[in-house]
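Structures given as structure tokens follow.
Shared between the two complexes below is subunit A, which has subunit B as its partner in the first and subunit C in the second.
Up next, the complex of A and B:
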């Protein structure tokens, strides 16, 4: 083989290796959740989770069943069902991302859809509450993510993009009792 | 390119024919063996090999005779009103353990076509009370024949055909799939 041909071949292989390394996704990218973007009021369906966010409310205080707490609170009303199997189907992932920060749904309300069990094909309705710092409610961009596993990797996430700053802030909001939607 | 060079090139392939054939065989074989090994290990811990009873028939599994499985749409009683778009279905599976007591989890109900949706026991959720001699699983049973009865909350759009599935932990990856007469 001619010397220039060997040099050219070698260079081509190095460039190809560099290109391959460049386009290879890293671990986090390879295990990224499958996002299902939906609007408020629309039904989003993932692998084993179907969710309709029916409303998002902002309030200074939240109440349910005689329990109440000062916030500020962001309250998400929703209907959710499992799609394929109800084994281990709980709404265990509920986060709100605002301005680079991620907030998990509150465990404080005595009744919430957060971590509740879902049934296949028969939706349940209720609320999820997020206790937020004041500045988060003034932001223009927020992403609500809902999924079945606390670790959302490689599973569907139903995601709603909305503007917290456009919500009407009320003094006190009552969470919906969890129950069958219909 | 001279005639000599061409002969030389063909000569290289010919000289290395045996190792080349070896690479061509071993490379796919390596991938095949690794993949088979990994999947086999994964599937051996999951219910992946059904032992099927025909509709209206029974099957021998883990030394016991299971079936025939029957399902029935029932009125759950005053305690519970099925949500709109759903109904309560009970499944009964007679079991003859034979010489030794058997172990099994609470059975699930599965659609055998389409999305193959799967429902688990909802007896507690819907407040349905089985008769005193009806059991939810094989727990604490001896060698006398008994019947497992479980209630499921199933959407009206699930029209079957259905199967009742029973997992015996020691038998995995085999499990009993009892087809139900439509």
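Up next, the complex of A and C:
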């Protein structure tokens, strides 16, 4: 009687420990960014970042201020502002995930909203550009993530899901000059 | 064998080895203890000699590539196209003092990983391409060949032509000299404890190539795209 109770209790404890280990989130899960999904044209607001993606364009070449480069390029036009504080409010995280690969916004255009400073409550508008391989523009699923820190852990990320394959491909796209919105 | 006559024959199987090796014990007992060190030294020397003695071990020979041949690993596809000696190259982010010149490698690089790779010192291309004469010297300037963006990021699957620049004493190299370049492979590590994410490190030489150095004098053509730049 006692013996089988102890065996049963022991087994139950082992199963409980195993179950606890199974449901404990790992570090990556515990530090995951807070995703704010938003549609093109809608305003998404996170901890200290409010973004409206006004348009997404695909082009063979990108140009601005006398700089031009062959791509293909994906150009994201957006308006962005800080929400609480100007302190460290720069659009430092801009990535595009397509088919398991992550692309980072290009540092090549001389004028871009990527890594630009934001102001509280007064949106700035401009573009960010992604230099991509051909196959990425033919894919059906892409996620654009925008955030304030290059390391996105534990902060909000404004995320836009879209279909690159449905975009009209133009020959050359000019990035918007960065400035105050409207 | 050496078993003395008259000893009873063993009936159990286990007793057989005991009897068979008895002579070893007997022989060992006759060896004076003083000999042991000598015999040990002799054995050690014989084994050393068998493996080539104290001769310097020949370095593992790396595959030899020629200019324009691609080297591929899990991180990058790298093609070193030209080696150029130039008076100065501010576009690549290097400044020279009097008596110095710039040695530049023009390299096609494609990121084969699924994350963007920085080209800042210590990462990706700067750890992958090294000069055989001075493998510890990382390039002092790294920029794109087409629009001179400094320390550009390599996007997955996107080919980029990059200029790697070293400042060298003006008399170290001359036009037509052979420059030996080592291409390293790095290993992907996953950060633990205070390091998060994955990173490439631990460069190990994987290929070597010899290029003829071109001297372009004060030439401007290195920093500006030529018709064959995008190939």
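As a convention for this text, the second predicted complex is superposed on the first by the 181 of 182 C-alpha atoms of A that agree within 3 Å, B and C clash if a C-alpha of one lies under 4 Å from a C-alpha of the other, contacts with A are read in each partner's own complex, and residues count from 1 in each chain.
Just so it is clear, a contact is a pair of C-beta atoms (placed from the backbone, for glycine too) under 8 Å apart; a residue touches a chain by one contact, two chains touch by 3 or more.
Since we're looking at a predicted model, the values are computed, not measured.
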First (subunit B), second (subunit C), both or neither touched by A:100: second
Touching partner for A:153 - first (subunit B), second (subunit C), both, neither: second
Partner, of subunit C and subunit B, that touches more residues belonging to subunit A: C
Partner chain in contact with A:69 - subunit B first, subunit C second, else both or neither: second
Which superposed partner A:180 touches (first subunit B, second subunit C, both, neither): first
Touching partner for A:108 - first (subunit B), second (subunit C), both, neither: second
Which superposed partner A:25 touches (first subunit B, second subunit C, both, neither): neither
Touching partner for A:133 - first (subunit B), second (subunit C), both, neither: second
Shared subunit A surface residues [contacts with subunit B and with subunit C]: none
For the subunit A and subunit C complex, residues of the former touching the latter: 27-28, 31, 67, 69-70, 100-104, 106-108, 130-133, 135-136, 151, 153
Residue numbers on subunit B that touch subunit A, as the complex places them: 83-86, 108, 115-120, 122, 125, 153-155, 157-158
Complex contact set, residues of subunit C against subunit A: 114-116, 144, 146-147, 149, 152-153, 155-158, 196, 230
Residue ranges of subunit A in contact with subunit B within the complex: 83-87, 119-122, 180-182
